[in-house]
Amino acid sequence: MNALRVEDLNVHYGTIHAVQGISFSVREGEIVSIVGSNGAGKSTIMWTLAGVVASSGGIVEILGSPIPSKPHEIVARGLALVPERRRLFSALSVQENLIMGAYRRKNDQKVIDEMERCFKLFPILRERLKQRSGTLSGGEQQMLAISRALMSSPKILLLDEPTLGLAPLLVETVMETILRIRDEGMTVLLVEQNATRALEISDRGYIIEAGRFLKSGPGPELALDPEIRKAYLGG
Amino acid sequence: MFLQTLITGLSIGGIYALMAVGYSLVFSVLNFSNFAHGAVIMLGAYVGLALATKLSLGFGLVLAGSIAGAGIIAVLNERLAYSSLRRRKAPSLYLMISAMGCAVFLENLVYATIGSRFYAFPEFFGRQVINLGESSISLLDVGAFLFALTAILGLHLFINRTRTGIAIRAGVSDMTMCSLMGVDLDRLIAIVFLLAGGFAGVAGVFLGIKYLVYPTMGWVTNKAYIAAVIGGLGSLPGALVGGLLLGIVETFVSTYVSSVLRDVFSFSMLIAFLVWRPNGLLGQDTEEKV
Amino acid sequence: MTAAQSPLLSVEGLTKNFGGIRAVDSFSFGVGEGSITGIIGPNGAGKTTVFNLVTGIYRPTAGTMLFRGEEIGGDRPDSIVRKGIARTFQNIRLFNRRSCLENVLTPLLQREKCSFTGAMLGTPGARKMEKDLCDKALDLLSDMGLKKYASYQANTLPYGLQRKLEISRALATDPTLLLLDEPAAGMNPEETRSLANLIAEVREKFRVTILLIEHHMDLVMNICSPIIVMNFGTLLARGTPDEIRGNPKVVAAYLGKGKKENERAEG
Amino acid sequence: MDYILSIVVLAGINMIAVLGLSIFTGFTGLFSFGHAAFVAVGAYTSAILTYYYSIPFPLALIAGAAAAGLVSLVIGIPTLRAKLRSDYFAIAILGFGEAFRVILENLEITNGARGLPGIDNFTTLPIVVVCLAGSVLIARNFLRSRWGAACIAIREDPIAAEMAGVRLFQTRLLSLAVSAVYCGLSGGLLAHFLSFIQPVMFTLLQSTQLLAAVIAGGMGSISGPLIASFVFIALPEALRVAQMWRLVAYGLLLVLIMVYRPQGLMGYSELSSFFRKKTGVQGGQKQ
């Protein structure tokens, strides 16, 4: 079954047609990447799926039914977004950020269980629990951002440039975490500028340029496609 | 003399702080100066007055009724005058002008319907005084001060310890991300206005008992606004510190310098803070990045 | 016309901190007179911050910026404009509710010295000067192919023409150096090609040096030389389009590395 | 007849102040809750000059307007130089207006809160008409000069304005001073029409009414606010609506405009294009 199905999605910012009739789907348990250069419309797709940016036409279905309009209703349907540049609640502690992630859970024990699950993925967070999240290092912030999204135990996780600004070693950690998350049964939609590594771990990938898909295919295969290089560096 | 002045200053400052909390709460979440807060305080005082005189309720019930009444008024105010502006992300200035319109509207509506008469609360506390050496303090002043301290401390705990409180702080940090955590923003903002209105109710009752109840009594909150700016708009401890500081400074200026200069001094402080320290004493520095 | 001759703009050790974040980190580069220099780099590399520093919108944390040999670090934006640097913005910033003519007329008026009382009383001299400047503005608009839109309100123009109008307004400040921040953003390949032609034309006609940030690589590779590549706020590479395209560091910065390379970097 | 005449004169006087604030708010994009203070400066300065020193009325008027311009620099220089957030600026000038009123209430020369009675009745309808016409003319010229163009550029986009060579601080300060001069002139006329002034005539409420006229009339238009201010003064006066109900309506109007039509009741674009045709900035360029 499709976890996410998008058909003919269009988004306008004023006079700019940022997303131009894009269609794709993500099956349950898949990792799907959308790669492309800056300004191609990747983040816009993510914000639209999360309900923050309004689309100007198109169909979005989540687990077989139409997506609600408000962000908090979308979260309730099992979709969580880790946005570009993390957007942590910087004045709040690590613990409070995690509690916010589980805002919809009324059961305290469930919240604690979810937190334990996150600590298993990222043990460092347990040590930082009381620290203000704004004072964490870049890598730790990314781990917290992913954990915060996981706290709502989503069925579909959207990751927008999770490796932006990270050193190679941390890029590896993030990518391996994504694989682990998928193995636990989650569906992942990944948007990356860091195309090679993202496609390597993806079941399928799409190359986007100027608001349109240029090409799609199995991830590792697409990673070697010269078309990508062209999309990024011209040809 | 000095001690007496200090204590008077603290008690006035306590009431300033109660009022400043409402400004700070709304500012922290919606980033605008809600000048209608003064009118809500005034209406809270009228609600309390009606309960006390028409229904002859006791102090506790009057306070509770006034908190509830002002809280509801504040929520309605947000729904009718601010919510659509907020949803279309209008500049904070538009919200402020709308708030100013609300203040003028509500105040003159009371003036036109209830009238400009001054009303007094029944004497809940009598004229009891406590003697401390040479100085004497009225029970009301002590009560107001202690109540202000307790209420603000309570709010502080609520904001820091409860799930809703954390959500409010998360909203202050990043509204969009707050909604992506599953928070219904409309509901969250209604809670913020309910809290601000509740504090307005308390302030209205204390203000009405200490002075009198009349349509323009809300303008005193200009001072509360100054207190909020001094402490740092959007900061709760700031509202307390700013309120107490302004109360003390004002009382000292009027006692030792001149009572005429008191208000000039306060407004000059407002301008000075806005120009040189817009984040106040305890407010957080906003990042330089545009 | 080669870049190496005399650097019109030379930037040394430019650094900018925002709170704890270092957006630009001792970045050095030069722009040769008459060149079309391109700045590229992945998302968040600090390119627009460099523009904001050069035009005085931000104050640098450290570093020097010499324009025609004169230090401009710390100057107000309007005085930098008067020294001859003009720019356009990533998200077009026009005077939206004014006509195209007024958009171009505004910078022209700012360059004139005129008597305040004369203007207030509407003396014939003041009137004449207004008329002359209007004509000058119209000439500029017609050079840019916008003459027939002169009386249109700026925000009613289609997107591509708004970009053009913004470039016209920048040219009206009589610049020596023109900074273009993602001029092709939101354009389709066809519009991008005609923009490339326009940029080359503008350089000839107005004798300006051009420094541009762009993500449309076709545009950059076709008209820019040299190209400067930024990553993490510093200089990653500099060279001709072919050198840049073949540079493995640049490719890695854009496309990222595979698993093996990442693990190699670890050791 | 006298009654109607006095309404017209009052409306005309008010229109001059609204015109001034319109330059500052409608065309430069800065909001103020304190312009009543500049009306007060003009009123008191000119009244004191004719009352105590028997200075000729025209000179006193000019002095009042000039004094208002100078006083505006006192608040304008620190606040505009600091580049306050626009709402902080509106509040700072509110604080200034309130502080200024308190000072007026306590000075000897202004006769404190009781006010100055017995000012000579110099203001007549022809004088108001001449002043208003001159004000409109100069405002028009100002707005199409390089300074006016700079003001409008700042309103549209301060950063783009700077990159078009506009001096931000100087232009904003100039706009404030010009608007204060207009308010000062209006105050001088007011004092010599009512022949009695007192500090409560220049409160925050008055500032809010001026701002309401500008916002209601339409930002970036000269004619809109003029019509609005005439309607605001003349209509309730003619219908003999009690002051407090009038204020109820002003308050409601401000909220409704912000919620439904922040560009002003008459709409931004029609009025601005109407204005543009009149000034002829684009004259002769139509294809």
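Here the chain labels run A, B, C and D in written order, and each chain numbers its own residues starting at 1.
Here is the rule we go by: contacts are C-beta pairs under 8 Å (C-beta built on N, C-alpha and C of every residue); 3 or more make two chains touch, one makes a residue touch a chain.
Being a predicted model, the structure only gives us computed values, none of them experimental.
Chain centres computed from CA atoms place A at the largest separation from subunit D. The chain pair B-D and the chain pair A-C differ in C-beta contact count, and the higher one is B-D. Centre-to-centre separation between subunit A and subunit C, using Cα means, comes to 33 Å.
Spacing of subunit B relative to subunit C, judged by their CA centroids, is 48 angstrom. Each chain gets a centre from the mean of its Cα atoms; for subunit A and subunit D, those two points are 53 Å apart. Residue positions of subunit C touching 2 or more other chains, listed in rising order: 57. On subunit B, the positions that touch subunit A within their shared complex are 163, 166-167, 169-170, 172-174, 176-185, 284. By the touch criterion given at the top, residues 55, 57, 76-78, 81-82, 86-87, 89, 93-99, 101-102, 105-107, 109-112, 114, 116, 119-122, 126, 130, 134, 138, 148, 150-151, 153, 169-170, 172-173 of subunit C touch subunit D in their complex. Across the complex, subunit C is touched by residues 137-138, 141-142, 144-147, 149-150, 152-153, 156-157, 159-168, 220, 268-269, 272-273, 276, 281-282, 285-287 of subunit D.
Against subunit B, the residues of subunit D that register as touching in their complex are 31, 33, 75, 78-79, 82, 84-92, 95-96, 98-99, 102-103, 106, 205, 208, 211-212, 215, 242, 244-245, 247-248, 250-255, 258-259, 262.
Subunit A meets subunit C in the complex at residues 15-18, 37-39, 85, 161, 163-165, 167-169, 171-172, 175, 192-198, 200, 210, 223, 228-229, 232-235.
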